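Same chain, two partners: chain A is paired with chain B first, then with chain C.
After this line comes the complex of A and B, so read on.
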């Protein structure tokens, strides 16, 4: 039998390249109305009065008074209203929808809405802690006494997902049902949120995924907000309604990667970090939402790819009057890995040791304890992976050579990503279910996983056809529709192939045994590996069932006149267990690294008095093909017992190492210490004028 | 309702400009963005518009002994492919926008838009380009530096049309353009710099320096350039710090979402320094 990793054409290539694929904006339903959002023009205060213009016949306003159920969007932490009842907590907070048949009229009506506010002083400083976590490992801070302290501070800023397709839904009534068709990652998150907001029976809410033009985490929880708003409107008006964001609206109001600050204190003896104290802050924006989970995933990653015996780790989510931040590929890890990789580099330099040697001396091994006293149970291939990256990139010689030259540099990052939900999240919260249906000569995959470009449709059909040893054309995988597929959980957390694919593989094996039966359904549920025991409150135990690992080497040149950075080449090695399709994994590897590199040196996003300054694709700079470089990538097989064919998580891993690697390369090129990302030419100039080496 | 006029020749166009109140659209790559509205809604023009891109007479590039003439609806891509156009301008166009935009956008449009960050303006100022304007009353020529009067302000009457961009034929020993954008393609400049000189027997016969995106319009100071003419290249190179000081007061950039004034100023002056030091 052929190795499953051997690539096939993506099954949606033709539909997407020919324009046949239907995105939400491509659907025009008869009598469809449009919804425009009325938004606050202040960052903090109370609405005293709203005056709407006289509405022509067939036009409607929908606001909090129309919410039949609970006026709170159901996400992990419930503090975001579907529509505000009057309290304004950030600029452009949604107040109501104006709905009607003509966009031009809606545009004019929107301009005539008069809102009187009682303004309050908005909070942009990180002072209002709304989530606080703390955990120790080993002796905690008691172990620090008498050791040499080395401390540094690191900062990261916003990152915008910049999916090609903006957020959007069409909602319509179907008998007793409200149905939503949308650009989403998590059909059941939207469904469950709408059920709560409408106070409806589960059967009366249906959510269907349209072809998704990119998501990167941006369509994890945010669609639940506008999905609820639209469902409320459909329930009231009983007509099909489209709510699709314009690009600027999308960039101004949707969730972004949390800006972070990390203070590290390393306690050193004999050139080894024996103790680490971390004080971490992230900016949650106006709502907590997923911020607590982002923080906890960041904290768990506090030791990077290394083993440190004694930890004193704390962190806060700060609430500010800014756009709420949320899920983004990496989910806390990109911030923490930037900080910890730079910290190891800086501590080594301070101690006068070669940073790579210093890192190798701390590298975690199989059976070592993790930061939360879990165990790295599977083989850790990092030494071999590092050897491979050194051989292919000529890292050691370049590193030595560029020490002597100017404006050239090379950097190496070592990192991992915890695959799937934290701890017992899968078992306690998600409880993923999958179905495989055989109907004569066809097999249907019934799961809620979304192909947002990452290739789930291809890899799952391939997985099932491979196990059943049938032609891939006989395996059908339609976009999920909650009326037909069970809740296999959200398409997030690098869990889809490892967790959902693992359950699907079990179902397929059972189906294979009964394959001569004509029509039947196999249903399977997630079973937690016995070894996983994790206490969320104390951060103790196995935080993840498995880890994917990676090494990036990045070579840069910095222009001596303008300080513009050009990336010459990258070399990467990843252990993702086993690739279900090599080309798909390579696509994730290149795309993730480009996004990670850009996070490190290119993508600037800031707010001024709560207003996002880079609000379109002209001003928010993501890399073009001209800015990227040849990328050499190698995969190491390291099968994980519970993943299908040994597969672990892929989606997020490749983003994580880019920022620290490019920052270290720039650090070498300019001979100045880098403490924040993005490392823009403006920051490089500041460092060259005032920085230290 | 917005009425769109699509004249097929110049006379027709000038008549429309004379009779009607219209905005002129050439390539439209800036106009469409500036007047954007919701997806699947008509472009939000606030007045009637006249689309000039079908006027064949304005699509020619030709020369005589002293000038190169570029018709005002020639696309940037067509200008880049012409053998008549000076290298300095071609090198600049290559760094502008993206291939798709370059196939539609025009040089005259970049002039008409009069953005402080208009990339082509920097070499055009340096080359002493002229703008030909026409109305039913007649034709006139004006120096580009007089034509652009401020941020998005130009000296063009409502019945006038830019018909040509006229570039004097000058030979330089070396000419140089540097765009500093936030990325390598499809980006608006943080700053830009152009420099050119002509040496004869090591004597500076001509030297020109222009800066973009660091003031309301392109910064070019003939008075400062003239101080250098007639000196030997080594004398000029020795004066580099002094020259940088001369220009310092004219570089007045702003902070915005793309960069900050410290960077813009410092890098502009650095590029000037590097340009002077590399005179060979």
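After this line comes the complex of A and C, so read on.
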């Protein structure tokens, strides 16, 4: 049989190229109304009075009073109202929807809404800790006594997902049901949230995925908010309604990557870090939501790809009166890997040792303890991967040469990503179920996984057809519809192929044994590998079932007059277990790295007094074709026993190493230490004037 | 209101409508041509790209008045051509399609480029695609697709 990694044409190429693929905005329902959102114009306070203009016939206002169930959006931590009852916690917080048939009329009505507030002083400083975690490893801080202390601080900014298709839904009534069709990553997150907000029976809420025009985490939890709002409106008005954000609204109000601050203290003896203290803060924005989980992934990654025996790690989520932050590809790991990679670089320089040699001396190996006293159970191929990247990039010679030249640099990042949910999340919270249905000569994959561009429609059909040894055309995988597919969990956390694919593969193997039966269904549920034992309260045990690993080398030039950074080339090696389709994985590798690099030097987003200053694609610069450089990528097979054909997580890994690698390359080019991203020309100028080498 | 006559995907159309309407809305709402997408609404992202007299334009930034007596080809029209087949196959081969939201615009940009320059070098390809944003691929696979199309479509452009 052919190696599963050998690429096939993606099954959705034809529809996507020809413009036939239907995204949510491409659906038009008979008599469809439009919904516009009334938003607060202050960052903190209380609404005293709202005066709506007189509404023409056929126009409606929907607010918290219309929420029949619980006025709280169901996410991991429930603290976000569907519509505010009067308390304002961030600028542009949703207050109500105005709904009607004409967009122009709605626009005019929106402008006439008068709101009187009692304003309060908003909080933008990181003082209000709403989540605090702490854990030790080894002797904790007791081990630090008598050792040389080296300390540095690191900062990261916002990053916007900038999916090219903005957020949106169409909602419509179907008899007793409210049905939502949307651009979403997690059909069951939306369904469960709507069930709670409507106080309805599960059967009366249906969620269908439209073709998704990019998501990157941005369509993980945010759609639950607007899905609930729209469902409340459909329930009240009983007509089809479209709620789709324009770009400016999307950029101003949707969740972003958490800004972070990391303080590291390394305790050193004989050129080795024996103890590490980390104090980590992330800006949660106005709601906690997923922030605690983002923080815990960041904290667990505190030692980077290295082994450090004694840890004292703490972190806080701070609540501020700013737009809530949330999921974005990497989920806390990009922030921490930037900090820890720079820290290792800086400690090595301080000790007068070659940073690569210093890093290699600390590299984690198979059977080493993780930061949480779990075990890296599978082979760690990093030494071979580093050798490969050095050979292909000529890293050592370039590194030496650019030490002597100006405005040229090369940087190398080493990193991993814990695959799947942190800890026992799969077992305790998600409990993924899948179904495979055979109906005569066709096999249907019934799962809730969303193809948002990462290719799951192709890779899952390929996986099943490969196991069943049938033509891929006989395997059907439609966009998930909660009326037909079981809850296989959200499309997040680099879990889809490893976890859901693992269950689907088990189901397919069982189906194969019974394949002579004409029509039947195989159902399977997630079974946690027995070795996974994790205590969320103490951060002890195996936080992840498996790890994907990566190495990036990035070469840059900095313009000596404008300080503009241009990336000349990148070299990458990844261990993702086994590629289910090599071309798809290469696409993920390129795209993730592009986002990671841009996070490191290009993408600037900030708020002033709670207002996001970059509100469109002109202000918020993402890479264009002109910014990109050649990318050379290699995959190392390292099959994981519980992944289908050995597959581990892919989606997030390739984003993680980009920012530290580009920052280190710039650091070498300008001979100044870099402590924050993005490394903009303004920051480079500041460093050249005042920075230390 | 004004009467506006133009050629759309090979057929003459005449509309009696507000000439300040965006071409994108007219294509999507009046003709149900949903291949051109709205990504930003201000001419930055290229998801709404169409061909106007064979040149790429962002249909979100073109008032209908400017279309008078012009020829507009959307992805729906272009997808019936041989050139499209070559470009589509090249995108598939290179892995240039992920979420697909930018793809019709990227294909229009490719056609517009190859029409002017059948043998573009890498730098010219990057310039040709620079008005179209893609957040999924990092562009290299799309650049590769354009190279493949230029080779495979020898003689078509």
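Note that in this section the second predicted complex is superposed on the first by the 693 of 693 C-alpha atoms of A that agree within 3 Å, B and C clash if a C-alpha of one lies under 4 Å from a C-alpha of the other, contacts with A are read in each partner's own complex, and residues count from 1 in each chain.
Quick note on the criterion: a contact is a pair of C-beta atoms (placed from the backbone, for glycine too) under 8 Å apart; a residue touches a chain by one contact, two chains touch by 3 or more.
What you see is a predicted model; the values in this text were computed from it and never measured.
A.B. asks: Quick check on the superposed pair: does A:363 touch chain B, chain C, both, or neither? Answer first, second, both or neither.
C.D. replies: neither
A.B. asks: In the superposed arrangement, which partner chain does A:212 touch: chain B (first), chain C (second), both, or neither?
C.D. replies: In the superposed model, A:212 contacts chain C only, not chain B.
A.B. asks: Should A:25 be classified as contacting the first partner (chain B), the second (chain C), both, or neither?
C.D. replies: Both partners.
A.B. asks: Examine A:246 and indicate which partner it touches, taking first as chain B and second as chain C; both and neither are also allowed.
C.D. replies: After superposition on chain A, A:246 lies in contact with both partners, chain B and chain C.
A.B. asks: Between chain B and chain C, whom does A:688 touch in the aligned arrangement: first, second, both, or neither?
C.D. replies: After superposing on A, A:688 lies clear of both chain B and chain C.
A.B. asks: By residue count, is chain A touched more by chain B or by chain C?
C.D. replies: Counting residues of chain A touched by each partner, the higher count goes to C.
A.B. asks: Classify the contacts of A:630 with the two partner chains as first (chain B alone), second (chain C alone), both, or neither.
C.D. replies: A:630 sits against chain C, while chain B stays out of touch.
A.B. asks: Going by the contact rule set out at the top, does A:9 touch chain B (first), chain C (second), both, or neither?
C.D. replies: Only chain C; A:9 stays clear of chain B.
A.B. asks: Just chain B (first), just chain C (second), both, or neither: which does A:618 touch?
C.D. replies: Both partners.
A.B. asks: Scan A:163 for contacts with chain B and chain C and give back first, second, both or neither.
C.D. replies: second
A.B. asks: Between chain B and chain C, which residues of chain A are contacted by each of them?
C.D. replies: Shared contact residues on chain A (touching chain B in one complex, chain C in the other): 25, 246, 618, 623-626.
A.B. asks: Can you name the residues of chain C that touch chain A in the complex?
C.D. replies: Per the touch definition, chain C meets chain A at residues 28, 32-42, 44-45, 47, 74-76, 79, 84, 87-88, 91-92, 95, 97-104, 107, 125-127, 129-143.
A.B. asks: Considering only the defined contacts, which chain B positions touch chain A in the complex?
C.D. replies: Residues of chain B touching chain A: 33, 37-41, 98, 178, 180, 182-188, 190, 257-260, 262-263, 266-267, 270-271, 274.
A.B. asks: Can you check the complex and tell me which residues of chain A touch chain C?
C.D. replies: The contact residues of chain A facing chain C are 7, 9-10, 12-23, 25-26, 28, 161-166, 211-216, 246-247, 452-455, 583-584, 586-587, 590-595, 616-618, 622-626, 628, 630-631.
A.B. asks: Which positions of chain A touch chain B when the two form their complex?
C.D. replies: Against chain B, the touching part of chain A is residues 25, 103-104, 107, 244, 246, 561-564, 566, 602, 604, 606, 613-614, 618-619, 621, 623-627, 681-682, 685.
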